[in-house]
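These are the structures in question, set out in turn.
Two complexes follow with chain A in common, the first pairing it with chain B and the second with chain C.
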Partner chain A sequence: MCSFMLVFQIIAKAAMTVVIGFEGSANKIGIGIIRDGEVLSNPRRTYITPPGQGFLPSETARHHRAVILTVLQEALEQAGLKPADVDCVAYTKGPGMGAPLVTVALVARTVAQLWGKPLLGVNHCIGHIEMGRLITHADNPTVLYVSGGNTQVIAYSERRYRIFGETIDIAVGNCLDRFARVIKISNDPSPGYNIEQMAKKGSQYVELPYTVKGMDVSFSGILSYIEEAAHKMLESGQCTAEDLCFSLQETLFSMLVEITERAMAHCGSQEVLIVGGVGCNLRLQEMMGVMCKERGAKLFATDERFCIDNGAMIAQAGWEMFRSGHVTELPDSWITQR
Partner chain B sequence: MAAPSSGDTNHESGKHEFALDIPFPSSREAVIALQSLSPDREPRKGGISKQLSVSGSKLSVRWSADEARILRVSVASFLDHLSLVVETMVMFGPPVSQ
Partner chain C sequence: MAEESSMAAAELLRQAELLKQGAEARLYRAVFLGRPAVVKQRFPKRYRHPVLDERLTHRRTVQEVRSILRCRKAGISAPVVYFVDYTSHCIFLEEIVGSVTVRDHIASTQETHPNPERELEPLADGMGQILARMHDEDVIHGDLTTSNMLLRSGASDLVLIDFGLSYISALPEDKGVDLYVLEKAFLSTHPNTEALFDKLLKSYAAASKKSPAVIKKLDEVRLRGRKRSMVG
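Now for the complex of A and B:
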């Protein structure tokens, strides 16, 4: 009986699919390993710039270049796996910054060939959604994807992810990051996290433009307005930096909740999933939670390990693609910024 | 890894040219490097062309560009990429037998 069970377990283990995922489309470099829905390892490094500065493509690529092989070693060690145990190598094909994407793709292509494993180019946005579904077990949610580079409301309909609403200019995270630069908020661990902490101490609401355009949102005008007003208001003592953080968050997040609710009404959906780096903001989750409660809907969100760019999300989307028969041939493995 | 190289201006076409030959331990590694380094196109649209090929255990690259500046950027970026691929091979190779 015992030996029968052991044989069964060995067979079951052999049938499991192990995917390693490489992510590096922005200022995070992450490599994660997933075995049939179980995250075995997911190490990550962040390129942090001084206050007042954003991250530029070539410097970000240099950062990734310097640490990627160490992170890869960590990913294998923490998972307790050898390259031979991996079934498939997934990497971010795009969208993202060109130079960092190439750096990561080069290593993914090389190890896939060294280890004799198939390669899989993954769409970064789908990585976020699939990881969110895996962690939260949301079944068929309306997705709010909010990060430094993307702001979209997405739902799965007729065999495709479809975008119901999005930003017509800059991403919500970009708006927050650039506001942080204006008043020199630290980028460590991230500008958004520091804004969130400061916002908790804000008490006075400063009125800002509110720019929902049907299913879409616009953030660039709000950024220009607050960039223009911030220093004047702070110097004259009209408000504090904390008040500005609070007001900016309240305004931006209200807009996001509004377009998410509209998409839910349109799709008849009773689930919301928040993914992307801004998605780990607890105030955004709280505001979305209030809306969901009013509608009798359920909210799903993840914490910073899986919201913020990471390797496991690419492994997870890669796992889904691999299991449904996809692979990316080497000549087709070029990266794409869009 | 010694890499014989040569650069010149082709007086007939007026193009700036550069050539690089990189020896690998075997043709297998040379092909892996070729396939890792080939897929991404040059970032700028025109003004430069780059050809990669393998013969035996040697990876050869040939550039032809309108301006020296564009050529320099492309060669420098290629060398960065090549060194990452080689370092990856050293740490995570040798290739499994096919």
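Now for the complex of A and C:
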């Protein structure tokens, strides 16, 4: 009996799969380790630019290069693992910024060869969705994916993720970031976080353009309107910077909740999962929650550890792929900006 | 008067049967002066700021009624508007009795028919034609999906509904985006229907006087979608 249990445990242990994931498609560099759905470690660094400035590809890549080996060491140490314990090395194949993607892919490729482990190129968007599903246990949700580069409403049908709605111009995070630059809001820890805090102190609702086209949205009109009007409104004392943050959030998030609801009605879905960096905004989560309640639906969301770009999400998507028999051969281990 | 009628509307809805919770409104079955009707009520959305909510709800009720009338005047099939109450944001519409949405019709044909593609071709033709006529009247629907088109019972007549996001524009760009929105909704809702949608576009192009500029814009908008940067 006893020895049977022991054998069983050894087999069970041997069957466990450990995947390390490398993410660096934008201004975050993260490395995470996952063992069968358990996050063993997930350290991350962010390249922060001065107020008024965005992050450029080559400088972002330089930042990632400077810290990536430290982050790798942290990931292994926090997980209490040696390279030999890792079964597969996953990295972000794209979409994202070229230079940072190349930098991180290069390191992933190198360690895979050094450690003699298979390599796996992972789609960044799938990483967000798989991580959200792992953490929240959402079963078959309509997914709102909102970040600096993406705004999409996605649902799973016929064995594929399908995009039902999206932005027809800029992403919601991009709109927030660029607004922050206009009125010089700090990028530390992130422009979105600071807008969220300022919005809590705003009270006056300033009317902004509102553009929804079916399940699609457009943000460029709002951005150019506010770029044009912000300084005038602030100088004339018509409203405060906090009021602008408040009004911008209320408008953008209403549009996002509206298209999510439209996709749910169209697909007959009763679950929503919010993923991506903008998804950790509590006001967005609150508004989505109210909508879900009115429809008798359920909301799933995660906090900044898993919403914002991180290594564990790449490890998790890689884990799913590895378990279903995928690997990426070295000559195929390219990256793609789209 | 407005208050009285809105009280009456509220009273009516209490007794009415909830037909559907749509994307933004609730639809109730009712009888209006002896005729089968649906009441489309845009109830307050508590997730959004009350000022924004009132503004959107009012504008959409107005636009819906306006565009339905414009279509009907041009002989394009849409439900008759019986009555509007701008206080409770209710529109009383002709019920398209025994109708199914094009969405459900395509889905069930795909499930049951041996050659759904062939079977659905006339429908794709019909959709292309009705949309061409709508665009020729400069009506931009704003929310084209297969849920927002009905098929009369047993017939192949299409009826356009749900004009809340509609507006009037003669710009090819606006019409191109209208088709782009439909294309994505169509292809994501109904897998493996690329050829069918192509058929729809061909019939649109043949039926509309102004189609070359619109199709050109559609191609541009598609390309823009593919070129969008996806950082972060």
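Everything below uses one rule, namely that the second predicted complex is superposed on the first by the 331 of 338 C-alpha atoms of A that agree within 3 Å, B and C clash if a C-alpha of one lies under 4 Å from a C-alpha of the other, contacts with A are read in each partner's own complex, and residues count from 1 in each chain.
We take it that contacts are C-beta pairs under 8 Å (C-beta built on N, C-alpha and C of every residue); 3 or more make two chains touch, one makes a residue touch a chain.
These numbers come from a predicted model, not from an experiment.
Should chain B and chain C be called a clash or a fit once both complexes are overlaid on chain A?
With chain A as the common anchor, chain B and chain C both fit in the superposed model.
Quick check on the superposed pair: does A:72 touch chain B, chain C, both, or neither? Answer first, second, both or neither.
Only chain B; A:72 stays clear of chain C.
After lining up the shared chain so the two structures overlap, which partner does A:331 touch, if you call chain B first and chain C second: first, second, both or neither?
So A:331 only meets chain B here.
Just to be sure I read the superposition right, which of the two partners does A:26 touch: chain B = first, chain C = second, or both, or neither?
In the superposed model, A:26 contacts chain C only, not chain B.
Is A:115 touching the first partner chain B, the second partner chain C, both, or neither of them?
first
Per the contact definition in the header, classify A:102: touching chain B only (first), chain C only (second), both, or neither.
A:102 sits against chain B, while chain C stays out of touch.
Identify the partner contact of A:261: answer first if only chain B is touched, second if only chain C is, both if each is, neither if none is.
A:261 contacts chain C only, not chain B.
Please indicate which partner A:251 is in contact with in the superposed arrangement: first for chain B, second for chain C, both, or neither.
Only chain C; A:251 stays clear of chain B.
Rounding to a multiple of 10°, what is the angle at chain A's Cα centre between the Cα centres of chain B and chain C in the superposition?
If I round to tens, I get 120 degrees.
By residue count, which of the two partners contacts chain A more extensively, chain B or chain C?
Of chain B and chain C, the partner in contact with more residues of chain A is C.
To be precise, I mean the smallest distance between any C-alpha of chain B and any C-alpha of chain C in the superposed model; what is it in Å?
It comes out at 16 Å between the closest C-alpha atoms.
Once bound in the complex, which stretches of chain C touch chain A?
Residues 21-24, 45-49, 51-52, 55-56, 103, 142-145, 147, 165, 177-178, 180-182, 184-185, 188-189, 191, 221, 224-226, 228-232.
So in the complex, the part of chain A that touches chain C is made up of which residues?
By the definition above, chain A touches chain C via 25-27, 94-97, 124, 147-150, 155, 157-158, 160, 162-169, 171, 173-174, 205, 207, 210, 212-216, 250-251, 254, 257-258, 261-262, 265-267, 277, 286-288, 290-291, 294-295, 309, 337-338.
Can you check the complex and tell me which residues of chain B touch chain A?
It comes out as residues 32-33, 35-41, 43, 80-81, 84-85, 87-89, 91-96, 98.
Applying the document's contact rule, which stretches of chain A touch chain B when the two form their complex?
Spelled out, the residues of chain A in touch with chain B are 65, 68-69, 72-73, 83-84, 98, 102-103, 105-107, 109-111, 113-116, 330-335.
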